[in-house]
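Both complexes below contain chain A, partnered by chain B and then by chain C.
Up next is the complex of A and B:
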C-alpha cells in the first residue's frame, strides 16, 4: 500500500500558504497602493461572510461523507443542493407573498424534505436497482440543473425568483458586542447549524455504533452482514443523511440570499462539486472537510471582495477562478485520499 | 461461564491422551443424521451421519469437492439440508440463516476472514453486538476493549484489542475471528481450513488455542485436507468422499495410509485405454520458476520440468499449492519473479500473451467463466476470443467473420456443443457444454502445446469422458500437453509423467504406473511415502 508522502495536515497547510501567497501576489501585481485595500478586506465581517459561504460547501461535503462511507458514492451533491435551494425559495414564495413569522422555518424544513426525497430516489436506484452510482449521481445533478430553472420559469416566468426574504440574523448575547470579532457572532440559522453539525457528524461517525456500522458497510459489507447488520439499511441511512445535509446547505444558501437564481449553473454554481473535493481533501473526516470547505469559501469571498476594489486591473473572470485553481492545486498535494474499500460496489447478501 | 481451568495440567497438549469419555456429558454436542444436500444436478452431501462429542476436536477431511464445506455450511445455516436432521446437544434444530445457528451456539471461522481492516480488534469483535451507553446512543468503547481483553486473556490469546486489523498478522486476525465467535457465545466452533493461510509457527499457536478452547468445554470441528494436521490435532476424524461419509475413526488409531486410502478411494470411475507414448522433442521447458501470488507471497518456489511432444505431463496437487500461479506464469498472465519458460527451444519468459498464442500455445483455463469466456457474448464471438489477431481469422485490424463462422461451426459440430447454435450466449450453455466449446476452440487451432487446467471441473460425466478422449487424441497427434488437475484419478490415468506439487514445490516426478494412489495422496499432503522407491522418482531435494 502506498503511504501518502504528504499528509493531509501538510496539504491544508500548503493550501493556506497558497492562499497567503495569492494575497501577496495580488499586492505586488496591483502595486503598493492596493496593499491597504486588500488588507482591509480581511476583517471579522469578511470571516462572517466566509462562514456563510462555507454553509453549502461544508454541508454538501459532510453529506457526501455519510453516503460514501456506507459505500454509496454520491456525486449528485450538486443536484441535491440545487433542489434544496430551489425548494426553499419556492416553498417560501408559495407560503406567503409577504413572508413573515414562521413561514421561513417551514420553507426550510420543506427544502430539507425535498432534497431528502430526491436522495431517497437516488438510494433506491443505486442500492435496490444496482444502478451505476456515478451515472445515477450525474443524473441527479443534470435533472436538478434542468428542473429548477424550468420550474422557476413556470412559477415566476423567468429563471430567477423574486426576493422572498432571508433568515433573521441572530446575535449571540455579549459576544456579538465585542469589538473586532463581534460580527462573527451575529449570523443566521444555517451558520449556527453548521457549527453544530461538524462536531455532531464527527461524533456520529467516530463514537457511535451507527458510525462503526457505516464504516464497516463501506469497507467490508460482507463482514457487517455476517455480523447480523443489514447493509442495505445502513446504506439507505447514509444516502438519506446526505440528502438532509444537502437540503440544509441548499436552503441555507438560498435563504441567506433571499432569492433563487436559476440562470447559468444556478446559484449553487459548483459548490456541490467543491464540497465533494472538500471531503476528499479532508479524508472523509467531517472536521477536515469543514476546514477544506472553509478554505475554499475564504478564497471565494476574497475574489468577490477583490473584484470590488476600485482600480483593481485584473479581469474579474480571472479573479473568479481563484477558488477553482486552489482546488486543483490542493488536490495535487493531498491527492492520496483513502477511499472506503467497497465504495461504489453493490452488495448483495448471499442467502 | 466459569473460570479458566488449571493451566498446570501437563496432559493438555497431548491429543491422544485426552480423556474424551469423561467430558462426554450425555448427548453429543453436534449430531448430523442422514444429512443430504442437493444442488440442481449435483448431490453435494449424500446421507451423512456423524456426531461430535462435547469438548473434543473433530477433523473433517476429504479431497476438493468432497462436500466438506457444503456440509459445514449446512450446519452453519447457510444452506438448508435437503434431507436429514441436525441435533445440537440432542435437540433437533432447523436453521433458516446463520443467525439461528449463532443463537444455537455455533460459530464459524471462514477461510477468508470477515474482518473490517480499518477498524480495531475490539471494534471487529463487537461489530453488530456493540455494548452501548445512554440507551444505545453511544458505543461503549471501553467495555468493548475490556470485554475483548478479558476473552483474549481467558483463552490465552496474545492480542491487543486496540490495534487495527490491517496492522496485525494473519495469525492474529484468525484469533480475532475466533474471539468474535466466542464473544457471541459460541460453544461449537467450525474452522474452515484454518491452517491454509498460516505459517508453521502460527499453526502451532493455533493448536494451542484449540486445546485451550476444548479444555474450557468448547467443541471444535475443523475442515482440512492435510492428513498430518488431522492426526495431530483431532480426537476423531471423519472422511468424506464424493459427498458421502467414508467413515469416522479415532485419531489415535488411524494412520496416514488409512486416511489417504479413505480420502482418495480405491474405485476408479473411468478406465482409459491409452496407447504407449511416442515421445518427441522438448516443447515446453520450465526452469527454476518462482512466482508470487496476488499478495506478493511466493506461491511457486523453484519449479522445473519439461513437456515433450506426444506426451501428457500431469501436475497433481491439492488446490492452492501454487498450480494456478505456475500456469499463469507459463501462459503469460502473471510475471514470474525469476526462472524461464522456453517454448520449442526459444525463450518466451517475457513474451506477451498474444505472442504465446501466436506461437501455438492453447490454454484451457481453470475458471472458464472468468478466463475463457465472455458470458454475455454469443459463441461466435467467444470462438475467436484470444485468437482474433491470428492470421487465420483476420488481417490487421479487420476480423474475417465468415471464416470465424466456419470455425465456430466446426467446433460446435466436432465437439458436440449443445445447443448447436453459434448465436447462443455462453450464459445459456451448461457448464459441460461451455467446457466442450472452450476445449474445441483451443484444440481445433492446431496448437503445439496445450495447457489444460482442471479441464473437467464441474463437468458432467459424459463430457469428462469426451474431454479425456480429446486430450489423448492430441497426444497421439504428437502434441505436448500440460495437464493440471486436483482430481487424482484424472491425472494418474491420463499422464505419462506426473509431477506432484506441494507448497509451491514439485516434490516428485513419477510415472503414474509406478505409484499407488495412497503414495500420491501422501506426496500431495507433503508427506514422504515409506514404500515408494525414491530412485524411480526424481525427487527435488530441499535447498
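Up next is the complex of A and C:
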C-alpha cells in the first residue's frame, strides 16, 4: 500500500514558493527594515499565538484527512468549523440560564457534539443516499454559513454574540516558569489537544488496524469488503471523526476569542478551506498537514503583529491569500497529491 | 489517480445524464423538502424570539412568533406583489441567469466550476475601471452609452474568461482537480481585487474599500422606477441562455465540448482535441461569470465595492436546480431572484433574518444532491416493498 509522503521535490517547491512570495512582499510593500521588525516580532509569545491560530486550521485539516482517506471527500470542513464555533458560544450562553451554569467544558462538549451530528447528516447523505460528495459538502458549508448568522440574530438580535467567556489558561508546571520559552507552556485546552491530536492521528492512521481499514476503504473498498470489514462503517467513522475534529477546532477558535462573530464569512473566515489546502500540501499526512497549518498560521500571526508596528503597510489581504496561492501552485506544478483512488465514489456491497 | 478521476467524472456523468423528467421531479421534490425544513426552522426560531403578540401560544413552550405560512406568503408578495417588487426580483434574476449559466456551461462539459464568484468579482472590477476611464472620454449621450456599456461588459467577460481559463489549463494540462483550484482561485481573486481597490485603483479617500462611482453615461438606466432593473440586461441574459442551449445541443462544437469534459479519452480517440475543449468550456464559463460581474456594476452598484453578494454561489444552486439545462436556468433564476427580493420584504415586515434564504439555498442544493433519497421514499411509500431501502445510518 502506498503511504503518502511529501517528496523532496514537493518540499523544495513549497519552500521556493513561499520564499518567492516573501520576496514579492518586500518589493511591493517596501523596506528592508521589515526584516528587522520580523526578527523583533518572533518570540515565544509569538509562537504561543501561532499555536492558537493553528488550532482551527489543523483540526479541520486532520478531520479532512480521515474523511477523505476512507473515500468520502469532505469539502464541508468550513461549514463544520462554523457549526462548532457557533454552537460553543450559543451553548455557553444558553447554559447560564440552566442549573448547569455557564460551564465552558460542557459547552465545548456540546459544540463537538453539534458538529459531529452535522457530520453524521453529511455521512448519511453521502453514504446511504449516495449523494454527490462535492455538492453535498458545498451544501453543508452554505447551510452553516446561512444558519449561524440566522440563529445569532434569533438568539442575540444581531449577527455577533456578546462576550461569553474564554478557556482558562493552563500552565505546565515548572516549564511555564522557564525564561524565554516559558510562554509556550501556558496555553488553553484546544492548544494542548492539538499537540496531542497530531501524533495521535498519525499513529491511528499508520500503526493501527483501524488505520489500515481507513486506507483500504479509500483505496480498494472491494478488498476490504472481501476481507469481511464493513466499508460503510469505516466511512461513517471517517466522516464522524472529521466532525469531531472540526467541532474541537471551531469551538477552540470561538472559546479562545470568547465570542461568535457571524458577519461576513463568520469568524471562521476561510480557515476550513485553508485546512483543506493544508492537508493537500501535507499530502494526507497528519504531521505534514499540521506543519502546513502551522506555517499558514505563523504568516497570519506575523502579519497581524507587523500591522501593529506603526508605519508598516503589509497587506493583510495579500498575506491572507498565500495558502490558496501555494496550494494552486502545488497542485499545478508539483504534480498531484495522491488522492485516495476510490475517493468520491460510492461503494455498493454485493451482499 | 486517473482511475479515481474517471470515477469522479462518472459521478458527474450520472448527474448530467439523468432524464429530463426525472431531473424535474427531483428538483421539485428538493424544493418541497427545502420549503418544509425551512418552515420548521422558522417555526422553531419563532419560539425562541420574543414578540409582543405571538400568532400561536403553546402551553409550556411559549409563544410562536413566526407563522411559516405568513413567512412564505410575505416572500411571495415581497417578490411579485408590486411593480417595484417585481423589478427587484427581475434585477436579481438577470444576475443569477448569468452566474447560473456560467456554472451550467461548465457542468455540461462535466466540469464543476465553483469559481464563478471569483470570475465575477474580477470581471466586475474590470467593468468598473473600464466605465470610469472610458466614461470620461465619450460624449454624454446615447452614443456614449452604446460605447461604454458594451465595452464594460466585454472587458468583464475577457477578465472573467481569463480567470476561468486558469483552472481549465490546470485541469487539462496538469491534472489539477477543478473543484479545488476554482475554490482556491475564488479567494485569490477576492484578495487581489480587494488589495487593488484598497491600495491602488479605488477611491483612496474613502474609509471603505470601493472605487469611485461610474459616470451616468455608463449606468444601465432602470426600466422600472425605484429599482435597479434594466430590461435590456434581462433580454441579453435570456438571449445568452438560448444561445448556449443552441450551442451545446444543436452544434458539433457543443457536442465536442460536452464529450471532452465527460470522457476525455474517448473524445481524444474520436479525433477531438479534448484538452483544448476543457480549456474552452472553462473560459466560456468564466466569461459568463465576468459578464455577471459587469452587469452587477453597470446596472446595480455603479461601482466596485467590497462585499459583492455571493451571486456566484447562488449560480451553483440555480444551475443544479435547473439540471444544468440552459433553458431550465431561466425558471430557476426567477425562483432564486424571487427568494432574494422576498427576503428583503421578510426582514422589513416580519423581522425574520434574511439569512433564511441562504439556509434555504443550501437545503435545496443538499436535497438535489441526493436523488437516491427520493427514490427510496418513492419506493417506500409509492411501491411499498424494497428491503434495501431502509436503514438511515444505525451503524454508527
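Following the convention adopted for this analysis, the second predicted complex is superposed on the first by the 289 of 351 C-alpha atoms of A that agree within 3 Å, B and C clash if a C-alpha of one lies under 4 Å from a C-alpha of the other, contacts with A are read in each partner's own complex, and residues count from 1 in each chain.
Criterion: a contact is a pair of C-beta atoms (placed from the backbone, for glycine too) under 8 Å apart; a residue touches a chain by one contact, two chains touch by 3 or more.
Predicted model, so just to flag it, every value in this text is computed and none were measured.
After overlaying the two complexes on the shared chain, residue contacts for A:195 are found with neither chain B nor chain C. In the superposed model, A:215 lies in contact with chain B only, and not with chain C. Of the two partners chain B and chain C, it is C that touches the larger number of chain A residues. By the touch criterion defined above, A:223 lies against chain B but remains apart from chain C after alignment on the C-alpha atoms of chain A.
In the overlay built on the shared chain, the residue A:44 is in contact with neither chain B nor chain C.
In the overlay built on the shared chain, the residue A:134 is in contact with chain C alone; chain B does not reach it. Contact with both chain B and chain C is seen for A:341 once the two complexes are overlaid on the shared chain.
Look at A:95: by the touch rule set out above, it reaches neither chain B nor chain C.
Using the contact criterion defined above for the overlaid structures, shared-chain residue A:277 touches chain C, although it does not reach chain B. Of the two partner chains placed around the shared chain by superposition, neither chain B nor chain C is touched by A:113. For the contact definition in use here, the residues of chain A common to its chain B contact set and its chain C contact set are 341. The part of chain A that touches chain B in the complex is made up of residues 207-209, 211-213, 215-216, 219-220, 222-224, 226-229, 341, 350-351. Here chain C touches chain A in the complex through residues 1, 3-4, 7-8, 10-12, 15, 45, 48-49, 112, 114, 170, 174-177, 179-181, 183-185, 187-188, 190-192, 194-195, 198-199, 307, 313, 316-317, 320, 353, 355-363, 365-366, 368-370, 372-373, 376, 391-393, 395-396, going by the rule given at the top. Within the complex formed with chain C, the residues of chain A that make contact are 75, 120, 123-125, 127-132, 134-136, 138-147, 149-151, 153-155, 230, 232-233, 236, 240, 264, 270, 273, 276-277, 280, 315, 317-318, 320-321, 324-325, 327-328, 331-333, 335-336, 338-346. Considering their complex, residues 78, 97-99, 102, 110, 114-119, 123-124, 127-130, 132, 136-139, 141, 180 of chain B touch chain A.
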